Each structure stands twice: as C-alpha cells, then as structure tokens.
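Structure record follows, encoded as structure tokens.
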Amino acid sequence: MGTLSNLLIPAVLFFALGFLARAVKSDLRVPQDLAKMLSIYLLMAIGLHGGYELGKAELTTAFNAVLWAVVLGFVLPMVGYILLLITRRVDRMNAAAIAAHYGSVSAGTFLTAIAYLDNIGIEYESYPVIMLAVMESPAIIVGLLLASWSRQRLAVTGGGNSAGVAVMQSGNGNGHLSSIVREAFTNGSVILLIGSMLIGAISSPGSMVKLFPFIDEIFMGILCLFLFEMGMEAARRIREFRKVGAVLVAFGLIMPLIGGAIGIAVGHYALGLSIGGTTLVAVLGASASYIAVPPAMRLAVPEANPSFYLTLSLGITFPFNVVIGIPLYHYFAALAAA
Amino acid sequence: MGTLSNLLIPAVLFFALGFLARAVKSDLRVPQDLAKMLSIYLLMAIGLHGGYELGKAELTTAFNAVLWAVVLGFVLPMVGYILLLITRRVDRMNAAAIAAHYGSVSAGTFLTAIAYLDNIGIEYESYPVIMLAVMESPAIIVGLLLASWSRQRLAVTGGGNSAGVAVMQSGNGNGHLSSIVREAFTNGSVILLIGSMLIGAISSPGSMVKLFPFIDEIFMGILCLFLFEMGMEAARRIREFRKVGAVLVAFGLIMPLIGGAIGIAVGHYALGLSIGGTTLVAVLGASASYIAVPPAMRLAVPEANPSFYLTLSLGITFPFNVVIGIPLYHYFAALAAA
Amino acid sequence: MGTLSNLLIPAVLFFALGFLARAVKSDLRVPQDLAKMLSIYLLMAIGLHGGYELGKAELTTAFNAVLWAVVLGFVLPMVGYILLLITRRVDRMNAAAIAAHYGSVSAGTFLTAIAYLDNIGIEYESYPVIMLAVMESPAIIVGLLLASWSRQRLAVTGGGNSAGVAVMQSGNGNGHLSSIVREAFTNGSVILLIGSMLIGAISSPGSMVKLFPFIDEIFMGILCLFLFEMGMEAARRIREFRKVGAVLVAFGLIMPLIGGAIGIAVGHYALGLSIGGTTLVAVLGASASYIAVPPAMRLAVPEANPSFYLTLSLGITFPFNVVIGIPLYHYFAALAAA
Amino acid sequence: MHRLFPEKLVTIITSDVLEDRLVASVRNRGASGYTILRARGAGSSGVQSGMLDIDTNIKLHVIVPPQRLSGLLDDLERLMHKGYHMTVYVSDVSVLGPEKYETSMY
Amino acid sequence: MHRLFPEKLVTIITSDVLEDRLVASVRNRGASGYTILRARGAGSSGVQSGMLDIDTNIKLHVIVPPQRLSGLLDDLERLMHKGYHMTVYVSDVSVLGPEKYETSMY
Amino acid sequence: MHRLFPEKLVTIITSDVLEDRLVASVRNRGASGYTILRARGAGSSGVQSGMLDIDTNIKLHVIVPPQRLSGLLDDLERLMHKGYHMTVYVSDVSVLGPEKYETSMY
C-alpha cells in the first residue's frame, strides 16, 4: 500500500517532526507569520502552475471538473451535516459550521498528495487543481445556508439562547443571500488561487519560464517548512480532542473516508481520470479546510464554537489524511482502475 | 505600443490582482511584514546584481550616470514644488514634502520596467541601477531644504499655525544642514542598496556565482509577490483620492510625464543610452518614492500631511506608471532613438 | 593567511554592512521576524544537507565525532567557568550562564566558515555537522549544573541576595536533573537540527533531490541576508561592552582562541579530519551560542544578567570569529596538518 | 496637572475576522481614530495561537469623549448578543491635547 | 453606566521564555482567559530588541475578578523573588459582560 | 493591598519614525525602562495600515514615578507643537516592586 514510502517523503516527515516537537513540549518558537506567508506562497505557486498547465488542457474535461467540484462542494457539507445531527453531540449551528469545512479542501493535504505521487512516480492530470480552486466557495455557501436555516428552525422551536437575536438579524435584510455569496467568492484564498491560475493561463510562456525557479524548484522545500509548522498546529489542536469528545473524533476520521470514496467515484467514473488524478480528487473530497472556511464561519456563524471545527479539521482529519488517508485513497483509486 | 504585452507580464498582472482583491474588499489578510521583507530582498538583489555588472562597466559613463542622477534628484523636486504651489491646493510645507517624493524613485516601478523590457526582449545598460541608488538621497535633501526654507517664509509672513514653533526649532542649531545630509545618506534603503552594489562589485566572481540562484532565478517570483501586495496598498490609498482632490490627482499623473520626459532627455541625449536604458532612466524620472522618502519627510517635515504624499505616490503615480507609464516611456524612448 | 579573501566573501561583507548600518545609526528597519525565519531555514537546510551526506558516511567516525562533540560540550563550559571566576568580575551564577554559551556553538559562524572554505576551494568532511547538532545540549546541561552547584555554594556561604530562595526551589524536587536534561534535548533548535538530519538521512534520494534547489542553491543568499541582520545585532550589542568591562571583553576574545585550539586538537588528532574538517571543528570549539543557550539560561538561571552573556557571545565573540577567527583557525589547522 | 484631560479608553479583544465591523462601528460612532494591535490568547472560545489566519486576535483601542461612549458600547453589546466572543473593557485615561478626540475621522 | 462592572486587569511584561509558566499560573488561578502581545523594550536587564528569539518580550493581560487577584500576584511575586525580571501592574477596568470572567478556562 | 504601589503609566501612540526620539526622551527623563508594541490604526493623519515601513505605528509604554511625569510630558508636548501626530495618555496603575521604577536606565 505504499504507506511506508509515503512516510519517507520529506514533506510528511517534516509534518511528523513538527507534531513531535510540540508533543514533547519543545520550546521551539516559530514566528507568528511564517505559516501565513508560506501559505500565500503555496496558493500562488499552485495557482500559477495549475493555470499554466490548464492553458494546454481540454476544455470539456476542464468544464466537467469545475461542475463536479461544485457538486462535491455542495453535497459533502450536507452529508456531513446530517451525520453530525445523527451523532446528537453538537447543536445545529455547530453542525453547519463543521460540515462546511468538509465540503471545502485543504491545500496542504492536496500538496502532500502530489508529493506522494511524485515520489512514487505516478502521473496525474491538472484538472484537480481547478477543482481545488473551485471547491472553497460552494462549501462556504452551503455552510452559511445550513446555518441560516438552522437558525430559523431554532428560532421556531425556541432552542438555542442567542438564536432568536441572530435570526432577526439575518431575516431583516433581503440582500443576505447575495452577501453570503459575495463573501464566499471574495474570500482571500479563493481570489489568490483563482487569480494566480488566470495569470498562469494568460501570461506569455516566456515570462512564465522566468517564474519556474520560484514556483517550481523551491516549492518542495517550502512545502516541507509549511508542513512542519502545520504539524505543530495539528499537535496543538489534537490536545483539545477531549473537549471535542470521542464521537466527534470518530466523525473526523469517518467523514474523510466518505469524502474520499465519493471523490474516487467522481474522479474515476465521472471524470475518467487516471489513478493519480483520481487519487487527487479523492483527497479533495476527503480533506477539510483550515484556511478559507474557518474565518468565514467565525464571521457568519458566531454561535458555533471554533474549538470544535478547528480541532476536527486541523487536529484530527488533517493528520489522518496526511499519514494514512493519502496512501489509502491511492490504493482504492488503483483498485477502481483495475 | 506594447501596452497589451505589458499587461500580460505576471508582475503587472499580480499588481492588478492585488488591486482587485482590495477593490472587491476581499478579506485577504497578508502578514504585516511580508512587503517589508520582500523589499529588503529586492533591494539586496538589485544591488548585488547591479554591482556585479558595474564591475565590468565603463568608468566615465558610470561617473556621468551618477552626476545626472544627482541632477535629476535636485531638479525634479524643484519642478514639483513650483507646480504644486501653482495649483494653490497645498501649503508650502506639503508642497515640499510631496515634491521630494518625485525627485526620488520607486524600486518597484523600476523593476517592473525591467520585467517589461525583458519580456519583449529589449536590452538595457546597467548604469540606471547606479542612478536608482544615487537618486534617493538628493531628493530627500532638496525636500528638507525646501521645507526649511518654506518654514522660514511662513514664519516671516506669519502663515501656518505651527510654523512659528517649527522655525525656532530648526533655526537654533547650525548643525541642522549637516544632520539633514546625514539622514539622507544613512537612510536604510540607501545603505542597503549601495552596500549591496559595493559587495557585488568587490566580491570574487566565484562567490557571486553562488548567489545567483537567490538573487537572479527566484527574483521574478518574488517581484510578483511584492507587486501583488503593492497592488493592495495602491488600492487602499487610491480610495483616499477624494480627500486629496482632483487637482492633486492631476499632479500625480502629470508629474510622472514631466519626469519621464526629462528622464528620456537625460538617458538618450546626455548619457547616450540604448532604447532600453533610456526607458529605465525615464522610469527613474517618472516614479515617486514610497520607501525611502516618506519616513524622512514624516520625521523632518511633521507639518505636512502624510495622507497627501502617500496617496499621490502610492495610490496615483505608482499604478499609473506600472500600467500606462512604462510602455509609454518605452514608446517615446524608441521615438527619440529613431 | 587568507584574511583578505575571507573579507571578500559576500556573507562576511554583508555581516560588515549590517554592522556598519547600525554603527552609523541608519534608520534601516528590519522586520522583527526576519532573522528568526532565516535561522529556521538555515537549521533546516544544514540539517537536511548534513543528514543526506551522513547517509553515506562511515559509522565509526560518525560515532567518534558524536563522542568528541559531547566531550567538547562538557569540557569547554568548565574551562570558561574557571577562567571567569579567576577574573573575579562576575559572580558564580553569571559565570555559569556565560560559560554555557561557549560550550555550545553558533550556526552562523559555522556557516560562514563553510562559505569561507568553499570560496577558497577547500574540502571538508560532513562529520562536523553532526557535532554542531550534538554540541548544543551538553553545554546547556553543564551550564545548568554549574548554576545549580553555584546556587548551593552561595546558599551555604550566604552570598547572593536571591540565592537562598533559588536553592530552596531547586532543591525540593528530585525530578530536577531530569527536567534539566529534558529541557536541553527538547530545545527548539536541537529538535529542528537533529530532526532535519534524520529526515535527510532516511528520505529516499529521489525525494531529496527535489529539495536541493531550496536547501542548496538559494542557501548562500539566505546566509548573506541572515549575516546582514546578525551584523546589525552584533553592532547593537557591542555598544554595551562598556557595561561589560574590559576584562570580560578580553574573555570574549581569549575564550574562542582556547576553544579553537582545543577544536583543532580534536579535529586533527582525535578525529583525523582534513584541514577543512579540522577548521570546522575549531570553529565549533571557538564559537558561542546565541540561539539555543540564551533562552535556556534565562529560564533556568534567572539570577544571571542577560546583558552579560548576550553582549559577549553576540557582540564580541561572534564578530571576532567571523572576521578574524575563521582564517586564523584555518591557518593553524593547515599548520597542524603540515 | 492642568494639561491632562479625562477621556474614556475602550479596549476590545477579539478575533481578527471582526476587524472590519469594529472599525466601521468606531467610525460611525464618531471616534477620532483607533489603534489596533495583534494579539493571541485564550478564553471561552479556545486557544488563539496567532499562528494561522484562523486563530489570530486583535486588540483594538479607542479613545472617546465620555459622551460618545454609550453609542459605541451599544454596538459592541449587540455584537456580543449575536454570539461573537469579545473581551470589552473601559478605562479612565487622561490625555494630552483633548481637542484631538472631538473631531471624528473623515 | 449600569452595564459596566469593575474588574482588575493584571499586566505582565517580561521575556517570552516565561510565557509557558505565566500561562500555567494564570490557568491555575482560575482566570477565564488571557491575552498576549509581543513586545520589545528596555529595563534593568538590558535592551530587548525583539529581533532575535533571545531578546523578545511579551505583554500579558489577564482580567480577573478582584477576589482572585491576590493568588495570581502571589505567583508573580514568587517568580520575581527567584530573580526573573518582570514588570507587573494592576489597573481598574470596567467590563461589558462580567459573568465571562467568572468561569475559569477549561 | 499593601504590596501594590501607585505609579503613572504614560502611553504614546505614533508613527515608528519617532521611536528613536521618544526613547531618547524617555531615557533622559530618568525612566527605568520602556516597552514598545507595534501598532496600526487611523487618526487625523490618515490610515496607518502597518503593511509598509512608511505607515507603521508604535505604542510606547513608560511607567514613571508621579514626580517624574511632568518632565516627560513636557517633551511630548513640545513634539506635538512641532507638528508630530501623537496620541498621548496617562493612566494610574499599581505596580508590584515599586523600587524598580526609581532607578533610571544605565
């Protein structure tokens, strides 16, 4: 299954090192803005690269990929929402906020998957990169719609203490939905990623070549540094799992498996991608956002507790995907192709 | 005129993307120190590169270039000061502070011009880099002298509310001028740029080769990131143009044209540079500082309103030069050469 | 003796430039986190690189190198402690804290030495990199033991005002020594350096190749930037030398010579390294830590004055080694080999 | 001291996603300016390590003349009732140059 | 104003190596949260330029109900007696939503 | 509480280009130390986004014994009269270890 070879990629090893450093309570002080800077770099590099490749891609498949990305972005949060309500461990507002994270994606996980595939020499298409860019927004929208709807239900049934106030707020402006959509599409990382893709697609090839040392050659090193820090953050978050409770932790492990399975179906059957491409779509389905979605939820669903969604997406699902999920999805993608 | 091809350089496109991101009020949060770090890198890289090239340059032309840089740095602020007084929209202190910015240069604009020339395959000499390094200081000195002189005039005529106090202060120390000059030459970016040039010039070629991946290969990518952020800053500043008023905005568009024209004259006739070199000198003349001069003015001319000079140099002149000015100056440089 | 050629390496020149910038009181504002980020990069790069090389190294020599690193880490602080007590200019607590710095190493000095050797084309082994990684911890432990012992002595003799309290604190927990050791080994830079070495050693060669542009090619440029900032910090610290006093300054110049001499003995006679390798071991012996040890001392030896150890290691010994020490140790290493 | 004049200093500590809203409110309530510091911390909504975009706090200071305090506090209370987690406190300060705090931001 | 309630604000300025200890103490003393800002400065232990890991300060704020103040100050005094250099001061603030500061961090 | 002693806390918010001057003044006026935080904000001199070297603010804190307050305020007033934009306020704080604030920086 290649788990071992996965674990010997520097990117994954640095994730583990960061995790370990925090776990042994090392006094390692990482500058506050390092992860933020690295993630700006990664979004820019992945966007430019993807856009450049897409300039050469087939339009029909690209269009299909976008379509399916939207479908995934809409369907996965609903699956997650229902699952969470079934657990009865969180109220509707928290369920909506958590679910939104699973409809979106984690660029860090996606890039680790690419490093994994590169390492074992497996080819992949460039379509998943567009899907990565597209999937952020629908999930945010669904999350906000679910929250809005839950707020109304809570107001009707009288549950939730602050819900009454909240629904009044959201009810008395009919520009509400439009502002939700606006927020989802002006999300910082969406703009940077889609903008970089466009730039990569329309820039003259000659000028793009000058960017390759920056976006290509030093990429893997920067990814290592980024994952090192994310390992530290994951370790910080995983400590809070007790607050979250075993049932929610189980959700954080099962939901990526569901998302991964749906992703394999979409990648292999709907888009007809190769094993590598299918693996990447599975990773898109399986991973949970920790960059674009949390601020959107914090702003629009203040009733939800950030500890819940951050611990789940960053402390549980992220490490699971990086260490176990990726080789697993690859294994099943290969199975589907066989 | 190549405007279109200008707009398809990644560097310019990233400037536009940053501008757009802020214009649509995206929530993109860029770490506070990113632009500062990138600009340290850019000054270091441009200095090392320029110094390395200058090691091979002709001494007479280099000397001439320095001389003309000093002339430009002295003349342009005076032109600007007179123009501004004619508009009657700002008092003398603000006029002095604004004018100083136009005698200095913008490294970001200069580098965009280099990317533009590289992209369309036009050669250029290395002398403009020395001029870039030299032009910061004279403009600061002229600005401070103009301010000092205005302060005395205001004190005599009794205009300006805080001027009376200010002139007493500046009058009673005859080390005043020397401290002005000192400040102009120990300005942080001047030291970094000139120091890097010296290092580039005296280092052994073998050791310089080891620096090229850092200062050359990843340069364009870092410039893109820098311009992305500067696009955001320009958009933030341009919003304040209403405070500044239409007449000042017009100054922010006309002054670079004047500076560009003078720059073309200097580049082509006085220094005998190629089309590419002349374009770069035009850009030096046309661009306004937003790194070295503003802090100097804030410290030495506290009576001037920073909103004015920052909005003009960063919000008006900078975007104008990057998008329209550069191809324009190139067009006229070619015309002059023909 | 190659001093001149040493001074023409960009890395050393940037150190000088930073020093000069601060000395002329330039207003250059460097972002607070830049040095911290650069030093994370340097530790990671040096670790990966060293680990990769060590994968191919002889196990016996590697083991011997570790052993001698431990010996150096234990012996040098004791030498320093005794020397400092002889000067009678600092109390025992300060002597312990200062001495610990000299048993540890400065990665910046080590890397400058590598740049120096590279520049003059001298080969060196990779064992000193392991020694670099190993030497941080023992020195911290010895420092804390010396402090603990001094605290007890002071408590007995009744010297030192806060010592009585302190000894009570450290006495009433028998987990004390283990917590000292724990702190020394979970020190952030130790973890990052040793972790990166392990990753470099166990990663597949194919995946390591992808990291080389990041850890190798841009390395020298980043080192220059780092030394530029460290030059500024050294200049800031050297100003405080008057507080420290001439005798302590002399210690800051003599102690590296002693450490360098011991290092040459170890490198040449005990480990049988080449001239280059011996020079690097000398640098390990001569250099004083300013990354790992100061926070450990501040936390565990609060009675010592940070001004003392920071001024000595950063303001005196560091510049001495960079400018004079390295070529000197190289000269003597060559002499020993001849 | 005759040159020091009493004003109210309002301090707000919360997630940085609220920055735009808070600044808008401060502007609307006629404050003459505001100051923002970056912060991290912990509280009822968990640890805010400040390492990621998603868990960074800000600390916002506004000096307002006593008579404008009430409106600003109304806004803040409304946000808290909606569910936003905020630490809000008021302290007494004595300013140099009180006229500065009378003119609202343009 | 009826909605503002008096609390004590403890501020601690010291080297960031003490952060973990201070946070532990704040938690143990039942504070409902804390806020940390990065700082630099100078004092009896020299200049803290904030440029290196080794000379960065933090400024820690804790709001505590008056009755919990004393225990926290005990801890801080103990650290100061051990030799740690710290600037510690207490100020009076009036908070919105005082119940927030009663529940200690979980 | 017998162990807390009253001091004056002076806070200055202004552009970071003034840092060296303010620190010099604080030293000359015999303060025992100072603390600087990085800030951004807005006021009569426009928005200070903190993104560029040219629009970053600092927030400077100085604790001084009441009798040394006046001289420091004189300096600050002089700067303000020259045209520098600054927010300056004084608050009452109670410190642990008051002797610390008596000795001026060496």
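Worth a mention:
The letters A, B, C, D, E and F name the chains in turn, as written, and every chain counts its residues from 1.
Following the convention adopted for this analysis, contacts are C-beta pairs under 8 Å (C-beta built on N, C-alpha and C of every residue); 3 or more make two chains touch, one makes a residue touch a chain.
The model shown is predicted, which means the values in this text are computed figures rather than measured ones.
Note on connectivity: the fewest chain-to-chain touch steps from subunit C to subunit D number 2. Common neighbours of subunit C and subunit F under the contact rule above are B, E.
Of all chains, F has its CA centroid at the greatest distance from the CA centroid of subunit A. In terms of their C-alpha centroids, the spacing between subunit B and subunit E amounts to 45 Å.
Taking each chain's centre as the mean of its C-alpha atoms, subunit A lies 41 Å from subunit B. With centres set at the average Cα position, the gap from subunit D to subunit F is 20 Å.
Subunit D has residues 17, 37-38, 40, 53, 91-92 in contact with two or more other chains.
Each of the following residues of subunit A touches two or more other chains: 27, 29-30, 32-33, 36, 188, 213, 217-218, 295. Contact between chains, per the stated criterion, is found for A-B, A-C, A-D, A-E, B-C, B-D, B-F, C-E, C-F, D-E, D-F, E-F. On the side of subunit C, the complex with subunit A involves touching residues 33, 36-37, 40-41, 44, 48, 183, 186-189, 191-192, 195-196, 198-200, 202-204, 206-208, 210-211, 213-215, 217-218, 295. Those residues of subunit F whose C-beta lies close enough to touch subunit B in the complex are 15, 17-18, 38, 40, 45-47, 49-56, 81-85. Subunit D contributes residues 16-17, 20, 38, 53, 106 to its touches with subunit B in the complex.
Those residues of subunit C lying in contact with subunit F across their complex are 27, 29, 32, 243. Across the complex, subunit B meets subunit F through its residues 30, 32, 35-36, 39, 162, 165-166, 169, 188, 229, 232-233, 236, 240, 290-291, 294-295, 298-299, 302-303, 305-307, 310.
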